[in-house]
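One structure follows; several queries about it will come next.
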Amino acid sequence: MSGNSIGQRLVLTSFGESHGKVVGSILDGCPAGLEIDETDIQKMLDQRRPGQSIITTQRKEEDRVEIISGVFRGFTTGAPITMLIWNGDQKSKDYENLMTLLRPGHSDYPAMIKYNQYNDHRGGGRFSGRLTATHVMGGAIARKMLKNTLGIETNSYTSEIGKIKMNQEFNNDMVKSIYDNDVRCPDKETAMKMREEILKAKKEGDSLGGIIKSITTNVPVGLGEPIFNSLESDISRAMFSIPSVKGVEFGSGFDGAKLKGSENNDVYSVKNGKIITKTNNSGGILGGISNGMPITVRVAFKPASSISKKQDTIDIKTKKPATLQVKGRHDPCVVPRAPPVVDSLISLTLADHALMSGMIKPVL
Amino acid sequence: MSGNSIGQRLVLTSFGESHGKVVGSILDGCPAGLEIDETDIQKMLDQRRPGQSIITTQRKEEDRVEIISGVFRGFTTGAPITMLIWNGDQKSKDYENLMTLLRPGHSDYPAMIKYNQYNDHRGGGRFSGRLTATHVMGGAIARKMLKNTLGIETNSYTSEIGKIKMNQEFNNDMVKSIYDNDVRCPDKETAMKMREEILKAKKEGDSLGGIIKSITTNVPVGLGEPIFNSLESDISRAMFSIPSVKGVEFGSGFDGAKLKGSENNDVYSVKNGKIITKTNNSGGILGGISNGMPITVRVAFKPASSISKKQDTIDIKTKKPATLQVKGRHDPCVVPRAPPVVDSLISLTLADHALMSGMIKPVL
Amino acid sequence: MSGNSIGQRLVLTSFGESHGKVVGSILDGCPAGLEIDETDIQKMLDQRRPGQSIITTQRKEEDRVEIISGVFRGFTTGAPITMLIWNGDQKSKDYENLMTLLRPGHSDYPAMIKYNQYNDHRGGGRFSGRLTATHVMGGAIARKMLKNTLGIETNSYTSEIGKIKMNQEFNNDMVKSIYDNDVRCPDKETAMKMREEILKAKKEGDSLGGIIKSITTNVPVGLGEPIFNSLESDISRAMFSIPSVKGVEFGSGFDGAKLKGSENNDVYSVKNGKIITKTNNSGGILGGISNGMPITVRVAFKPASSISKKQDTIDIKTKKPATLQVKGRHDPCVVPRAPPVVDSLISLTLADHALMSGMIKPVL
Amino acid sequence: MSGNSIGQRLVLTSFGESHGKVVGSILDGCPAGLEIDETDIQKMLDQRRPGQSIITTQRKEEDRVEIISGVFRGFTTGAPITMLIWNGDQKSKDYENLMTLLRPGHSDYPAMIKYNQYNDHRGGGRFSGRLTATHVMGGAIARKMLKNTLGIETNSYTSEIGKIKMNQEFNNDMVKSIYDNDVRCPDKETAMKMREEILKAKKEGDSLGGIIKSITTNVPVGLGEPIFNSLESDISRAMFSIPSVKGVEFGSGFDGAKLKGSENNDVYSVKNGKIITKTNNSGGILGGISNGMPITVRVAFKPASSISKKQDTIDIKTKKPATLQVKGRHDPCVVPRAPPVVDSLISLTLADHALMSGMIKPVL
């Protein structure tokens, strides 16, 4: 399937190019009978949209979603749901001069070699972060499906930007604060520091990375298939499809590797008649299967490769050293736009597993 | 496919149970014309086999591979290659008393719920680390295929055990030293410290986690499909299929998230007429596609959940608190056995992509 | 994938509804570097389009294709190619009164049950013959790919309409005559008889079935995978995706079942240094693999179920007998519109196999 | 997947070679909790086994199935069920001299080219009819699953051998008579004539083809996915995986193509409160979905290509004409051995669809 589709029973196919006519997606396998319309999707797209504040790119992308198939009289029909965003504001000329000077950290060199120059390189083409809008279109539907059927809900927030870190433990009361600020960090004070850090990097013509943390609540026991479709396998596959993601961990993750078994094991207990664990170092997943505790994931984003600062590079034609200065309007930090993308991909993965395991039926 | 198969053109299917008759695998899609026999596979299985030293489990698993289809006159035929290891030494009775006391950190609770008690729980059944032998059987073939055709080679080693860390940068000269000691750390001195740490944990009835680092060399530019089958997506999916893995990162990974773009971007250069980057923070992958630099992955293993130390838990029948002491012969640390497993799964992933991209042909 | 996608390396996904906004398709896995534009696709769509003559439906469907992704500067990029036809002339009201009276031979009863009333029933929805336009969009690209790379060419024609049969053996000179008349039968005289037969059925408010024969030439030896992806398996699967198809046979097919081995076996011979068979009872396929002879397929179409003649049926609400008269503009015979659909689906299947076997590369 | 696997939720993978160590299969995706043991499978294998009478090959194949994974304490666990038949009686030398003389109608020429001589040609290797035993192993489980859960049952019988045809309409009372004779025709008198015809062909060193008819009863409304996974698409794909099958039709099939819509449409009626159709020209499938009537399929088998009669051919080395006389023990007619194979593949397909549609749950 060449990388454009994900899922087994609930399949998202992404299409379109950053500076082409359209970006779009098909969600296939969505159960019939789910009430859905464009506003459900638009809400999440708006959370991802750039041009919202001075810390993100100044491109104006209206990102208006149009459903063109699979929904009839306000309900899904069981047929593929096709969604389009027509591309508007593009400045492809900004990119033309990049063609021979390789941009450090960017996909254009391997893409050029792989596709023998046929690749649509404008604005990053298929490799652009803009394509994450296609994940959000499908993800918004998956998210609603999970909430309406099993009560499952994924919420992601900015946990670190560069060296600034939110130190408080996340709790469910914070959910409603995530979108209160433009860095998507539920702690107001940390958010302000992050914002300053981003503006500083922007002024320097540089960029910052960061970490998104995601928590999924109300997960039933038994989602996930052992071995190659473990929840961790499928969620990580989805996470690494986001441009700039270079690390994924569940529960105690890399830190857990330094602990002893007696420290890292989560002790079972009973609360209100329900089996829980006292800690959640497992991140809600044991043997690849959900154990009923919240699923916690941390996702590391590298700093965006497109920076306006001068960089050393080579000219691919002459193979000689050269100096590059990337123009165009770029995000100094993509992390604040990532929470709805992470929400979407985790929701898609869990909904796919819920369909596979029979917890959600093909017709609602 | 319910979690038992991985790959698109080169498909590994794993079957069998830890204490059943057999563990086995099928490698389907292997090109015709590859010279292969049991010794190629046995060598990697032996690297993974327990009972080799006092730091691993004392179970004696001979792990003798038998190829029962797909090879004719010493060459692959293009048909599915089926490989079996007949299980010998099993002590299932050790596990019988665990049935009602939930083992912290272990898959048996979610598995019991998911499969409504039909799960073969003996020795962990499908969830046992023993099943990684099935990955190695297929991986050994993929590894040979990559080496013989494109010269690609993956080498993995133990980089951290608990709080002990190898500080030296890995270089290719270290490859031959990895299997010189039973912790699989190429630095002799660090290896000795790791060994002591493991023995200490063993004595305490506890377990340790750690980190495997993997380096793949001679990777051509252009392996990987954008978005959902990015190399990072497919490699991470494979990594998280290994029991106990809770984190995966590429190149600068989580640390890179703290850097600025100007620091993390790898500057291009030319060496002997070949385009390289001066640093390798990308871990050899840009936009999901290999850029010709070594692919570097770090994989975090939690400490094994099965420990002989007493643990608090509950009895699932009575839902009352209970104390658990797990018997049986367990690894105090599974990390030293993981390098051939990581090698195998990365080799399988890269060989699959090499077939998809036409770099390896369906008939050699 | 719920029935909307076909192919392994070259994947066609169909979407849209007969009376929805759009019918469309995505062709994923098409090699980069194929020169393509809308006119290549439009030509085949025009061959399928209704409203061309008095023997087909009087709906005016302009069927104007628009490529919205995957093509850049006139060449495919390797990204998904998305194609749309915006629906124009729809008279959904014609169908409203059908909701409770079951139409004999039509999909609406099982579809209503399967989708619990959420199905978009207007104009047949996903089940409409109109959806074959989505196959043609992808098929036109596959057909061009096969011709430009391997010289493979599929041509299909109307061989029988009701009881009227073309008796002449097809030869390659007839290819250019297929589209000379509106029944798509290369023999002029037979074509006239078929035309009369259709007009007669139309006048009676009835419909006719028929048989399409398809011949593919210049097929290399070795296309096809044994067993479940035999060429026959994959071509038949594609053929039966066409509404109204109820039978498929290759070479001597059902008649061959009456012959002896010594009669049905095709004797090998050498012609101009090339190995051929003197007869072609195998239809060019042995053991599921092409043997270099033309691939011949016969496809049986039932008479269209939608007829304006009065029919007995039941009312699904009352479960009482009722009389039904289907209004709307229907084809008295769909067979004349089927040749480009059959060409498309066979081309898609063969192109998929050519990619799988490495005969066509992922980048041209 | 290169042709060795079929199914989406219930996946059969076939492996092994006719004259290799083993033929085997894996059934993956079978729900946990189905009671199964070797005798369930052995019964159907015995119906397929050769050496049962003088009309089939005299090879003695004991075909003793062994389940080596996926069943625990008599019930399926949800893990892959692996089944083996160790090959015994093989006379590979009989085939050695065939290597340069091409056998008319046989797969060896295209296989030799496709696999560049690496193919295991002994006894037909992967292309041998012997491999249908792997379908039966999985099919026996699917058949039991369908019967125990939904009451669905497929029964197939020999309807034609060469020019001898059973003229009676099949009815359910005949089910128990199918295996009363060695041609598997429920009409005793016709069976005797068929038997004579086969013995006559055998004496002549020739072979016969024939037709299997299959009826599936108790099918619920709503099995099947529209378009590319229509029941007809998926059943035909499975049927054409059987060696020698060259035609498949549903309901009135090719004959229906000669009828008018008013003749071929099945009129709805109500019987005991259940919606039925008065005739069953649709073969129980409308729009690719089951309509609750019995699913009827006719499958055309060509006469076996391996005959002992002298045949003209060419020598592939010299490309000169030659005369061939095939030795070895072959079936003069494979049709009598096909009913359990057809039963198996239809059962596998329907069980897969029942799982996809949620009619059978992943845990029973």
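The first chain written gets the first letter, and so on, giving A, B, C and D; residue counts start at 1 in each chain.
Everything that follows uses one rule, which is that a residue touches a chain if its C-beta (ideal position, glycine included) is under 8 Å from a C-beta of that chain, and two chains touch if they have at least 3 such contacts.
Here the structure is a predicted model, which means the values were calculated and not measured.
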Number of hops, chain A to chain C, where each hop joins two touching chains: 1
Furthest chain, CA centroid comparison against chain B: C
Gap in Å, rounded to a whole number, between the CA centres of chain D and chain C: 26
Intercentroid distance (Cα basis), chain D paired with chain A, Å: 46
Rounded Å distance between chain B and chain D, as computed from the means of their C-alpha atoms: 39
Per-residue overlap in chain A, given as positions that touch at least 2 other chains: 1-2, 4-5, 9, 14, 79, 114, 126, 356-357, 363
Chain A residues touching chain C - in the complex, by the definition given at the top: 1-2, 4-5, 9, 11, 13-17, 20-22, 24, 26, 28-29, 32-33, 68-70, 72, 75-80, 82, 84, 114-116, 118-120, 122, 125-126, 363
Complex interface listing, chain A residues touching chain D: 9, 79, 356-358, 361-363
Residues of chain D that touch chain C when the two form their complex: 1-6, 8, 14, 102, 104-111, 113-114, 126-127, 131, 160, 162-163, 201, 204, 206-211, 221-222, 224-230, 232-234, 236-241, 243, 245-254, 256-270, 273, 275, 277, 281-283, 286-292, 300-307, 309, 311-314, 316, 319, 321, 356-357
